[in-house]
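Chain nomenclature is as follows: A, B, C and D, assigned in order of appearance, with residue numbering initiated at 1 for each chain independently.
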Amino acid sequence: MQLTEREEGGVAILQPKGKIMGGPDATILREKIHDLVSDKKLRVVIDLSKVDWMNSNGLGILISGMTTLRDNQGDLKLANVTDKIQSLLTITKLITVFEAYDSVEEAVSSFGARA
Amino acid sequence: MQLTEREEGGVAILQPKGKIMGGPDATILREKIHDLVSDKKLRVVIDLSKVDWMNSNGLGILISGMTTLRDNQGDLKLANVTDKIQSLLTITKLITVFEAYDSVEEAVSSFGARA
Amino acid sequence: MSQAPRDSRRLVIPSEPARIAQADEFIEKALREHDLPDGLVSDLAIAATELVNNAILHGNKKDPSKSVTILVEFSSGVVMIRVEDQGAGFDPSAVPDPLAQENLLREVGRGIFIVRSLMDDLTFERVPGGGMAVVLRKSYDPA
Amino acid sequence: MSQAPRDSRRLVIPSEPARIAQADEFIEKALREHDLPDGLVSDLAIAATELVNNAILHGNKKDPSKSVTILVEFSSGVVMIRVEDQGAGFDPSAVPDPLAQENLLREVGRGIFIVRSLMDDLTFERVPGGGMAVVLRKSYDPA
């Protein structure tokens, strides 16, 4: 997994790329989330369009990112959930836990006006 | 900061040693907490007896450890809070947030019977 | 229907979390050589990496002196992947239900559930002399 | 009361988070050479490391090509520590109250509050040409 970051309208957009399968992946994303918390960038969108596939490790990363941000008065939302990931979210019932949008733009604007 | 770990009655006891001032300290403790979560060791005591002092970084580490464990159905409690740390917890009102015990034994037994 | 000849491949890795990518590459290469379609390759890769992660983390507890053995076998339109560790083993029936409301926000505990959902079959064996072997199977359309 | 001669020391570090330990060592060494008691040394080390962390993380945003300058001065029973970065500066009055109920469980946001609590005085200056200088003062009993 590679991770790139950009900002749009006061929202941080993280784009993981490749496969999320374990090993160093969780550490990379966890440290990034904690950097964002320290920088008070508490509104985060994960753009999943470039993720080939993920296993339960990837799901765990998304959950811990979301709970960490919520614990710090922020939130994490998903954008561009691929069919493969959608079906994992469905069978694990995580679909009920995440807010997901069809595009980064929609996810960003769901946060409302810049704080 | 150095970190050692032991187990007692189904409870993981982490003992940081030295000063907790930032830099790599937070990463070390965060990765340890996540290893514990992955190993389903969800009852954790932090023994502060060997900590010379900590700044707000140390307080942040304790908070994120506690919230991460609680998000995963576990908990984090403090033992052997030194006078210096006690006064930091008091002025920051974090004293109302943490469960603290005078000894590791009391903190361990506060978790009740082994799950 | 022509029966493809049996193909059996083995990889042994030390129990380091970063080795997961090597295991995945080995498995995906074998699957692609048997012309499995993309969707099936990724389902199998998802499932197999779950088992390898478990063997490294839970079985061998990241002890690099302990190894994980991965066996991939193709025969009669079924791919079998067997992941063996040198750990203490475990009781799969004791794993908590990841769909229970109180577990939904936990970071971990969905691996075996996902493997069961994606594969046709999942079995657990204790290896004589210690360790656990977990075996998944999935049918495919042999070329 | 004899007035100790003014002692002024400077350390310049690149903006890498791991440099915090070097900054702490530099500061504590100066404080101990002036025979400050243990309790005061640790209060000053706590406060000073807050400012250095802020300069590295928030001011210079971990850009290792930007430096943090730490000045420690003793004069007339007052120790002054000045931490200067090359960042964009900030408005200290806009920092949220860490004691507000909704902020209690946040990981960050207590640094400046703690420095104010432990020290006698804390001032913020914009450095001409950009950057922020944060200055703390604490009185002590000169030997």
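FYI, a contact is a pair of C-beta atoms (placed from the backbone, for glycine too) under 8 Å apart; a residue touches a chain by one contact, two chains touch by 3 or more.
What you see is a predicted model, and the numbers here were worked out from it, not measured in a lab.
Ignoring subunit D while keeping the rest fixed, chain connectivity by touch leaves one piece. Chain pairs A-D and B-D differ in how many C-beta pairs are in contact, and the one with more is B-D.
Inter-chain centre distance (subunit A to subunit D, centres taken as mean C-alpha positions): 35 Å.
For this pair, subunit C with subunit D, the centres built from the Cα atoms lie 52 Å apart. Each chain gets one centre point, the mean of its Cα atoms, and the points for subunit A and subunit C are 26 Å apart. With touch defined as above, residues shared between interfaces to two or more other chains in subunit A number as follows: 34, 64, 67, 71. Shared interface positions of subunit D, defined as residues touching 2 or more other chains, are 105-108. Taken chain by chain, the contacts fit none of the simple shapes, being neither an open path, a ring, a star, nor a full set of pairwise contacts. Chain pairs recorded as touching, per the definition above, are A-B, A-C, A-D, B-C, B-D. Every residue of subunit C that touches subunit B in the complex is listed here, in rising order: 57-58, 102-103, 105-108. Listing the residues of subunit B that touch subunit A in their complex gives 26-27, 30-31, 34, 64, 67-68, 71.
In the complex of the two chains, the subunit D residues touching subunit B come out as 17-21, 24, 39, 42, 45-47, 49-50, 53, 98-99, 104-108, 110-111, 113-114, 117.
Considering their complex, residues 34, 37-40, 71-73 of subunit A touch subunit D. Here subunit B touches subunit D in the complex through residues 19, 21-24, 52-57, 59-61, 63-64, 67, 84, 88, 91-94, 96-97, going by the rule given at the top.
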